[in-house]
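Pasting a structure below so you can have a look.
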Amino acid sequence: MNFDLNVILSKQDELLYGIAVTIFVWVVGTLASAALGFVIATARRYGGVLVDRALAVPVEVIRGTPFLVQLFLLYFGGPYIGLSLDALPAGLLALSIYGSAYFSEIFRAGYQSVPPGHVEAAETLGFTRGQVIRVILLPEMALLVLPPSVNMAIILLKETALLSLITVPEMTMTASAIGSQEYAFVEAMLLLALTYWILVELAGLLGRLAEKKLSRYRLAKA
Amino acid sequence: QDALERVTAAGVLKVGTETAFAPFDFIDAGTHTGLNMDVFAEIGKELGVEIEWVTLDWAGVLPGLEAGQFDMVAGPATVTAARMERYRFTPPIAEATVALLKSAKDDSITKPEDIAGKAVGAGHATAQLAQLIAYGETLPTAPEAKEYVSFNEAYADLAAGRIAGVANSLPNIAFVAQQRPEVFAVVEPAFGTKTYFAYPGLKDDDHASLMDAIDAAILKMKGDGRLADLQQKWFGTTFDTPDAVTEPNI
Amino acid sequence: MSDTAISVQHLVKRFGTTTVLDDITLQIPRGQVSCLIGPSGSGKSTLLRCMAFLEEATEGSIFIEGDPLGFVYDGTGKRQRQAASELRRVRSRIGMVFQQFNLWPHMTALGNVAAALRRVRGLSRSEAEAKALAQLTKVGLENRAGHYPSQLSGGQQQRVAIARALALEPKIMLFDEATSALDPELTGEVLNVMRGLAEEGMTMVVVTHEIGFAATVGSQLSFLDQGRLLFTGPPAEVFAKPRHPRLEQFLDTYLDRGASTLV
Amino acid sequence: MSDTAISVQHLVKRFGTTTVLDDITLQIPRGQVSCLIGPSGSGKSTLLRCMAFLEEATEGSIFIEGDPLGFVYDGTGKRQRQAASELRRVRSRIGMVFQQFNLWPHMTALGNVAAALRRVRGLSRSEAEAKALAQLTKVGLENRAGHYPSQLSGGQQQRVAIARALALEPKIMLFDEATSALDPELTGEVLNVMRGLAEEGMTMVVVTHEIGFAATVGSQLSFLDQGRLLFTGPPAEVFAKPRHPRLEQFLDTYLDRGASTLV
Amino acid sequence: MSWKLFSLLLEASLMTIFVSTISILIGLVLAILLSAANLSGIRPLQWGGKFFISFFRGTPLLVQLLLLYNLLPVMGIQMPSLATAILGLSLCTAAYQAENLRGGFEGVPRGLVESADMAGFSPAQTFFHIRVPIALRLTLPALINEAILILKASSLVSVVGLVELTRMAQNLVASTFMPLELYASAGLIYLVINLTVAVLGRQLEQRLPGAPAK
């Protein structure tokens, strides 16, 4: 086996484009997932038993089936029910729905982690429900939900590789195509592994920074 | 000991392939079947060895060959000049000329030129894609080429109506249309440059005598009509293929 | 204006099938300290929480200064939930202090006290903080305003919690074992603040195990056992000679621990 | 055999730059109950934990029945850590009961008591369980042997913890606020078990806020304040008239809470 | 879609279940060893563990499997596909489980360890009899989650030549060209497996004693 990274690096424009697509899909998909997940968790907490039960079903179905299957059903099955999306929007939508199911569980745990007394204290002081969520619950759960959220972001990053299957030109597709055009599979795989690793470590780093900032009040010791 | 001696000593030829490439290799009612199975069964007889199949996802096949996981590859590849630099190919076993698959309900396409300006799918980084693009440039308005990780997704997208056609080698799309005639149809004639499918193996000295022996076996099958029979069985037609591709058209 | 700050009428509270409060009727007099005592699980916290509508009563009603809290009865005598804004209005007369302090850990002491002033009263940041600082000063914590709860001792945390409740100028303060998470010396701090409030004439309802406090500061003592109100009256009467056998037995657990040796 | 069970010599403990224990020298007499009292943060727990080598002293030494614990001094006077096996041997004379019970949640009451007998003493399962059951009987819990800690009340949990420590037949028992996580009624249960041990002549060191218990059961009382040992002597002497002003002030916090009204 | 095709999918799901179960168990053992390395206080062991976790969490499983499959033979180690698949999945899940367990070990109250010290337990006894069971109990929900994720991720082992549920669906698509029916059926089978795991997990959670009291 001869090892030659130059072969691959000579295609850097294509590669950089692939990496840019991956990062775009990842960041937008993760933010949308988190927002949607938060909405779901909030609806489940405050919407009464019926809403809670009704939402539990899709959440469990989405968590219980592989992303690949959901992606295929949305992209290839969508047109049969009149939902014909282009690859990129379809990919983003599928990723956001998939991620939101997991994020909703993260936020649910977050809601549960705040001692009920803290909410009661706010209620007796006359806070409205929106204020309780904004001023008390969200900031308080932030520290707890941050690590699993970073984890989830990392999982979503890896799932973006599957978007290549519906023709989104992200970096796994670019790299493996270059690999097969130039017959440099191992090089392509190593480069891919390295890029993902860097992105993952970057996400972890951001997470830790945010954690540090948020935990100011915990670290502080008189 | 070179590769041939090792294979004969063990009595086993290990062949790597993927199983999602009908009609060459596929899973029918749970069993691995297809043209490649039959061709290699004959090759095995000629060499006096058993065939051991190693089935992988296509992403793993060529790396697996280079890593020595098996002696050669059965997933036939279109013979191209670039590929010949890295691999050694056996004599062709079928034509690989590119043709068009369309939706059975689509009356707007009756001949290859009709794809002008429409969206057509093909596998990413495949020889077929290159042919589609080259052909498109000869049309008044070039079709929009959409690239898929594998042809199976392209077929699904054709069925979903996002693209008007899929450009792939004739044997493959003929099989697709035959399987689901209510959904797909082949647009005759093939539009591409004449190309061929052959099995890749390693180019190094160690494998030279093994590849020679396999070449000889295939040529023998071609001579006595066994290859033609198999082509008839799997493609419903026979191809006139050269004994060796020395200067590929692409 | 009547002399009753809180009126509890035939209150019943069940969790599933277990009855936790069984037909409680109780008047909390204005401007005095009423203490609730009783063994663990007797329903003290539940009763107090019903008075703040943190727990919904199964039957019966609660009136705060004559206004219904939580539920209203319509023309046909059917019970209905009060509108959220009306609930907030009535509830704003009550301040509550919890056993576990329940300070918000992501805000400083000042932030905890100022939060409701800003969000609920709509004061500007600087106004809210000025008022909050005044409250902190009242509980002797003006020099701890910038500390987070994790940087305060238990006693200090509980005093911040009291300041937070006082900031909205409630007419009535409810204390649920406000000192039992504290060690003896810290308990002193908090009891002193409560004593100060009592002297100012604040209406207070206090769930406590501090029999001493109940005896010296309280003007009404209620004894709960297994969800029933067994006794309500002046503390002196209790300690002189408890008339109810269950109450007598309960008080014994205190005497038994040798507190008598102290004096 | 000397009369001293634990000897603490010029013990200093610092966390970083703060000195938590400042030159403590103290003898714990054999067969008696020694109590440690003092305000929160004065170093009581730290001192007790040093006696079990759960905390490493910064300077000074501790002897258990004359044997050094944790550190030994070599020929040149340099301090070195004791070999792990020797540490375990000396430490095995000590049993410890924590404020938070610290029962292992994945084992039943019986399992908690039997675990060390099996793993450390190498008894067979049935022997260990028989012995464990005997200990549980001693603390009145034979009928709770199969319960998991989460199925026991706080007082029962603490009694299991005591049984667990006793099972290894220690010569000395250390109690760190063994009752302060319990509510008043449950406290009685545990204090009774401790009283029983004292009557049997067990050497005990007890950190407690139960002044009553200290006064009636203790035969030596030590008062810590800000890491210094301000007083050691018989309890009667303390309560009669505390000679040290800081101690007097400390005891006031108890009297102040009106315990006197009880009697 | 015919029953025949569906039964092929069902059959292939046995491979999914088999590979995932074995890998999760091996991964758990590895994760406990990684935790032991982390708690050992021995620097090189800690760094090794950190690197392991970072690598296997940081790169896609697909790439890991391909590298294992193609690099090991070059290094002279021949392994059948099944072993390679299990190895790859185990290493990957070990990294995730070790991270989950780290939280669990941090959640073991210090006092429980101290009471084991006082009872004379050796460090190894404390680790295996006290820390591990409690940490496992604390991280049980995360463990169940990870099991579900691995069940789904096991679809990638097809790159080393194993035919499991997803691969079988792809294969059947390639010969029948009916992607929707086949992927929907595969999704349904995954859902049933995963819901079963989730329900069993929840029952285990309720049945197991010993969540440390709050």
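Order as written gives the chain letters A, B, C, D and E; numbering starts at 1 within each chain.
We adopt the following convention: a residue touches a chain if its C-beta (ideal position, glycine included) is under 8 Å from a C-beta of that chain, and two chains touch if they have at least 3 such contacts.
Computed from a predicted model, the values in this text were never measured in an experiment.
Asker: With centres defined as the mean of C-alpha atoms, identify the chain lying farthest from subunit D.
Answerer: The most distant chain relative to subunit D turns out to be B.
Asker: Please name the chain that ends up farthest from subunit E once chain centres are defined by their CA atoms averaged.
Answerer: Centroid comparison gives C as the farthest chain from subunit E.
Asker: Report the inter-centroid distance (CA atoms only) between subunit B and subunit C in whole Å.
Answerer: Centre separation, subunit B to subunit C: 82 Å.
Asker: Nearest whole angstrom, what separates the Cα centre of subunit C from the Cα centre of subunit D?
Answerer: Spacing between the chain centres: roughly 36 Å.
Asker: I'd like the Å distance between the centres of subunit A and subunit B, where a centre is the mean of that chain's Cα atoms.
Answerer: Centre separation, subunit A to subunit B: 38 Å.
Asker: By the touch rule stated above, which residues of subunit A touch at least two different other chains?
Answerer: 1, 72, 76-77, 80, 185-186, 189
Asker: Could you say which residues in subunit B touch two or more other chains, in rising order?
Answerer: Each of 59, 63, 66-67, 153, 156, 159 in subunit B touches at least two other chains.
Asker: Any two chains that touch count here, so list every such pair.
Answerer: A-B, A-C, A-E, B-E, C-D, D-E
Asker: Using the touch definition from the top, list the residues of subunit D that touch subunit C in their complex.
Answerer: 39-40, 180, 183-188, 191, 209-213, 215-216, 239, 250-251, 253-263
Asker: Would you tell me which residues of subunit E are touching subunit A in their complex?
Answerer: Counting only subunit E, the residues touching subunit A are 54-55, 57-64, 66-67, 70-71, 74, 99, 148-149, 152, 155, 166, 179-180, 183-184, 186-188, 190-191, 194-195, 198.
Asker: Contact residues on subunit B for subunit E in the complex?
Answerer: Of all residues in subunit B, those touching subunit E are 19-22, 26-30, 54-57, 59-60, 63-64, 66-69, 152-153, 155-156, 159, 176, 179-180, 183-184.
Asker: Any idea which subunit D residues touch subunit E in the complex?
Answerer: My answer: residues 52, 54, 84, 88, 91-92, 94-96, 98, 100, 102-108, 115-116, 119-120, 148-150, 161, 164-165, 168.
Asker: Hey, which residues of subunit A end up touching subunit B in the complex?
Answerer: Contacts found on subunit A: 1, 72, 75-80, 84, 164-167, 169, 173, 176-178, 180-181, 183, 185-186, 189.
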